[in-house]
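Both of the next two complexes hold chain A, though its partner changes from chain B to chain C.
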Partner chain A sequence: MDRRAVYKTAWIGGLLLAPQLLLVFTFFYWPTGAALFWAFTLERPWGGGNEFAGLDNFRMVFSDTAYWGAVWRSMVFALGSTALAMGLALLFALFCDRQLRGYKAYQTMLIWPYAVAAPAAGVAFRFLFAPEAGVFAALNKIHPDFWNPSVNGFHAMILIVVAYSWKYLAYNFIFFLAALQSIPRALIEASAMDGSGPLRRMWDIQLPLLAPTMFFLLVINITDSFVDSFGIIDLTTHGGPSKATTLMVYKIYFDGFKGLDYSGAAAQSIVLMLLVMALTFVQFRFIERRVHYR
Partner chain B sequence: MADIDIRSVRKAYGKNQVVHGVDLSIRSGEFVVILGPSGCGKSTLLRMIAGLEAITEGEIAIAGDVVNAMEPRERGCAMVFQNYALYPHMTVADNIGYGLKVAGLSKPERRARVETVAKSLGLSDYLDRKPGQLSGGQRQRVAMGRAMIREPKVFLFDEPLSNLDAKLRVQMRIEIRKLHNRLGTTSVFVTHDQVEAMTLADRVVVMNGGHIEQVGTPEEIYRNPASRFVAGFIGSPPMNLFEGRVTGPGEVEAQGIVLSVPHAGLARGQAVTVGIRPEEVLLGAAGSNTASIDVDFREELGSVRLLHGQVAGADFVIQVPATTAGPKVGHFSFEVPARAVHLFDAETGMRIDPVAGGIRAAA
Partner chain C sequence: MNRFLLTGATALALLCSGAAQAQQRIKIELWQGLTGDLGSAVEEVCQRFNDSQKEFEISCPTQGSYDSAVQNAIAAFRAKKQPTIVQVFDAGTLDLMLSEAFVPARKLMEENGYKIDWTNYFPGIANYYANSKGELYSFPFNSSSALFYWNKDAFAKIGKTEAPKTWQEVEAFARALKSAGYECPMAINYDTWTLLEQFSAIHGEPIATKDNGYGGLDAELVINKTKFVDYIKFMKKGLDEGLFKIKLPETGANIVQAFASGECQMTMTSVADHGTVGKTAKPEMKWSVAMLPVMEGTKRLNSLVGGASLWVLNGKSKDEYRAAAAFLNFIAKPESELFWSTRTGYIPVTKTGFQHLKEQGFYDKPQYKGREIALESLTASEVTPVSRGIRLGGFIQIRKEMRDALSDIFAGKVSVEDGINAAVERSNAVLRRFEKTYAGKQLL
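For the complex of A and B:
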């Protein structure tokens, strides 16, 4: 039986859909379309016409070693931040699920970072991790440059990974906790009766039943780490030192708005979009198979 | 095999006490059913034996060892849960063998024991399936297998049959009892279903409001209910209960009907509750203890027939064999044999026993 309610005249449905369609078109298809157009043309920096360039923009991008550096750093960043944000979130959620004293307050506090905008978080971490005034200043006194993200590229990468993960940790925590609490208590009790202790129960029962949530978070975290890191980088390291934290998304901004190479930036956007789509596809194709849905 | 000693056990959640000082001794190899309405504390008591709930006060000893401070795994109990609580991501074989895996047995040894248990439960063909692919009865068997495989000292059952349909419930009930006859493991079974309790138990423990009302064999519980609550809870349809008064030696009055009873030592004017089982009434007979009923509704149950009506304005049910002739509704007189009258103190609700060696014992 078809239980859908259907409008008798098509135009009412169209009218009701129009605002949403308008928004999607204005903020998604139009910019994407423009980027696609620019990616295949040569745009003049100060406006005033363009000419068709074919695949030249893409050839330029792919032959640029600086671009491949950005791709490599984006991968490192994606893996690092996803591992950190998911690992810690899972650990904290498991602690919270044990419902020890004070877990409610702890739970609320862990959710807050997600409500903090990336620029605010970026500024906070910039001060926290500042080599001359932050928490590391004391260590730097003992051993100069023990921590100095403005000089050491490795330190800078750690800084953006930590600052970025801080926010996603909160997001992941909410999902992990909700998933843990949806595991029937009787299952945990049954495994306790079967003789397993808390760690064994976590490994044998809770983690396997979290697999669907883990997979979902993995896709979201990896995807977002490629496109959502701009705010943090722009406020902490500006892509430096010497490009050590110039990820793909930051390079697009830098080449486009600082270097006024609109066409090159547009081509990079298209590549980034395709890369994220491909990664998502790979995850669904190869990792989802190992996920057991209840 | 082990005996279980429950001594003055209490359970409170904050200020809310749910089990009030329970004393119970379960003999080794016995099948005890804890029966009671929902919220009576029966599951809480079972979970305290299992170690899934902390004991607020009192002691529980299994095979002589006080287990209050022990983890569930150290107590040697296995439990079958109401919703089976099978691990959804493991196969049937892994579900059954999980306890052995945790105990560190080798894979071939595990496999051999899982196969033996699965065979005894008729699960051999399903070992590679996941619980989601099984029927309710098969899941129930897997839960049983998981409990059996560790050869525990005690089996605990927490309303394990309540999720099955009526036919399967009867079948599993019989299987559980056969299993107990075969293994002889001490078993504690919690249920709100009196038929399960009567058919499974060596002894029934009737609980109400966190107290034990009566402990006895199914027959004792049915024949000599220790309290008004047990009288009204056991039996289907339940016992007819009236408020009444003692009017003379061996004589009570309830709803305007005077009944002679075999009880001795009753004080004139004492308030009592009079209980009469629907099936112990003799329809149409005209002896001494007679009354009349206005039947307004008749239920056919196949082998028996229930007549619902009023006796002097109070609801009353009579059960007669289905072969009894007669119109569907109307006015009937019936006899209540003196030995069929149960008396309870109206204030305490406790049973007033008829004289020892009296008519009742002879019957």
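For the complex of A and C:
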């Protein structure tokens, strides 16, 4: 017999939903609506005028080579940081799951970075990686410009990928470890008795069973790398040298808030939103097929 | 019964507090963009105003940076919660000027019964914040100009006792310093304010058509056709030869720190850094300042003002405007200017203020000696159409484009011509976009 609890009157349900809906409306639909409006007009920062522009803002965005540069760099950043943060997190989680000596201490310490705010992490990495004062100063003495993210765009990109991944590594680690620990021990022990070593067991049992977690983390990591990199960039490279670390989200910030081009920034954020939605769709459509939940 | 009593008591209490409030001072806010030591200096100015009279009270919270001061004021203005006064930096001037969000300086002072001699402001400073007819829109506040800093000790080693007057001399001196064993003869960065804006003004080279934008919103950048190109080639050559070194905060030390520590022997930066160098350099290090060098055979024009001005925003009450006028009148007094210039490295903005500083022997004191050169540089000539200032829309983005171009050029990624041409093209797109945004608006 079906014994689901249901509200007899619809309005109670509605009432209980209202606070959540209000929040979503205030913090998502309203700003998105304003951005949409600005994206199709030319907004004056101090108010007092708003010219209808049709698709001009989008045309400008797409015809700008610097914009495509930012799109390309965002992709590189997303792939680089996701691969690094997920790969290392998985490795560390597997080690911790094997309960190597001192794993409890590692486990705790590996979770901490996620609690550090992005700006704090940014400041720490800027200091650590400063070419004339940081840990690389000694290497730079031997070979000038061995490491110089203030001049070399490639170095700067490495810097923000590493700083960003450092934080997400912790996040991914928690999920991987929890997933590994939910794999029945009996499975592992049985295969161990059949004579398979740790690598074999990892390949044949643990990784396939981790697939749903991996998929979830992949979606989250890719999405966040497009929208959450601002704090790190603003505190380490400011998008430079030249435009080498100007990702899409940083360009939106610069054009909108610093450059006061509200409409151009609004058009860019609409494009970014659509891009992230499309990427998520692609992941669900093509990768999720290969994930088995049971 | 009880409830009746309580209501009566509450009403009475409300009445009393209302009466008390009427006697309280009129409070206004000034949002400033300076932080740290300079931010505290602004707060001290506000405190001095509060102590000087009983009618008004101003508070001057910092917004974290020049950019944030503008951003926050815009957000607040749109929500109708704007401060009475906001500090806006040079590049943010035009957006505000074209808006209806402010009360022009002259109108504010006239309506509140102050008679201001507007010609008392140095023309090189006032024109930056005035319309094309010379009527001031905002109040010049923290003003600076660029200076050439040089290390006397190092110069003594190569037998020089004076600062270089031309860039050709800079090159020769730098080469001598290098062979005398100095690793970094001159520190430079990608600052467009000195490399592009000041250079163009003092050499009489235009930055944009239409008198650098004063003549209309349809101006276009022309810096790919001026002496600026030769200058950047010159700088690039010096960099390649090791005569100049790039110093950025990201590499560990900015140009001011590199100069103050004695690592680099020459640099050019704002007079506002004069105090910082004095405070952070070793006491035994001898250094001095001079006007920026010019290219050989050039007649020097006045340099440009940097810094920020104070804008009075629309939509406040009569009382608040009375308070704002009183404050702005207060800061333009010679005593206030003396305090401000002593406390910071900024220069006085009025002729009477400068006169007062001279009479007080300010510039004779060793720690302030040389700061008058910034004013000499600002007043080196009559203000001409190209040295009046820069009035370009989206100027923050244009500065960024130029900065990016300079960093690519200096890193050797593009040639000087290609880098500047590309930046000019991108900047002109910014200008056209700005023009469209303000379609139908005229520059006054």
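We take it that the second predicted complex is superposed on the first by the 275 of 294 C-alpha atoms of A that agree within 3 Å, B and C clash if a C-alpha of one lies under 4 Å from a C-alpha of the other, contacts with A are read in each partner's own complex, and residues count from 1 in each chain.
We adopt the following convention: a residue touches a chain if its C-beta (ideal position, glycine included) is under 8 Å from a C-beta of that chain, and two chains touch if they have at least 3 such contacts.
These numbers come from a predicted model, not from an experiment.
Superposition of the two structures on chain A shows chain C fitting alongside chain B with no clash.
When the two structures are aligned on the shared chain, A:A186 is found in touch with chain B, with no touch to chain C.
In the superposition on chain A, A:P212 contacts neither chain B nor chain C.
Using the contact criterion defined above for the overlaid structures, shared-chain residue A:R200 touches chain B, although it does not reach chain C.
Legend: residue contacts after superposition of the two complexes on their common chain; A:G231 is shown touching neither chain B nor chain C.
Touch criterion met: A:L42 reaches chain C, while chain B stays clear of it. By the touch criterion defined above, A:F257 lies against chain C but remains apart from chain B after alignment on the C-alpha atoms of chain A.
Shared-chain residue A:A53: touches chain C; no touch with chain B.
With the two structures overlaid on their shared chain A, chain B and chain C come no closer than 51 Å at the level of C-alpha atoms. Remark: chain A residues 42-49, 51, 53, 56, 60, 64, 66, 126, 130-134, 137, 148-151, 237, 240-243, 254-255, 257-261, 263-264 touch chain C in the complex. For chain B in complex with chain A, the residues that touch the partner chain are 50-52, 71-73, 77-79, 81-83, 85-89, 98-99, 102-103, 132, 146, 150.
Residues 67, 70-71, 74, 77-78, 92, 95-96, 98-101, 246, 248, 250-253, 394, 396-397, 400, 404-405, 407-408, 411, 413, 426, 429-430, 433, 436-441 of chain C touch chain A in their complex. By the touch criterion stated above, chain A contacts chain B in their complex at residues 184, 186-187, 189-197, 200, 204-205, 208-209, 211, 292, 294.
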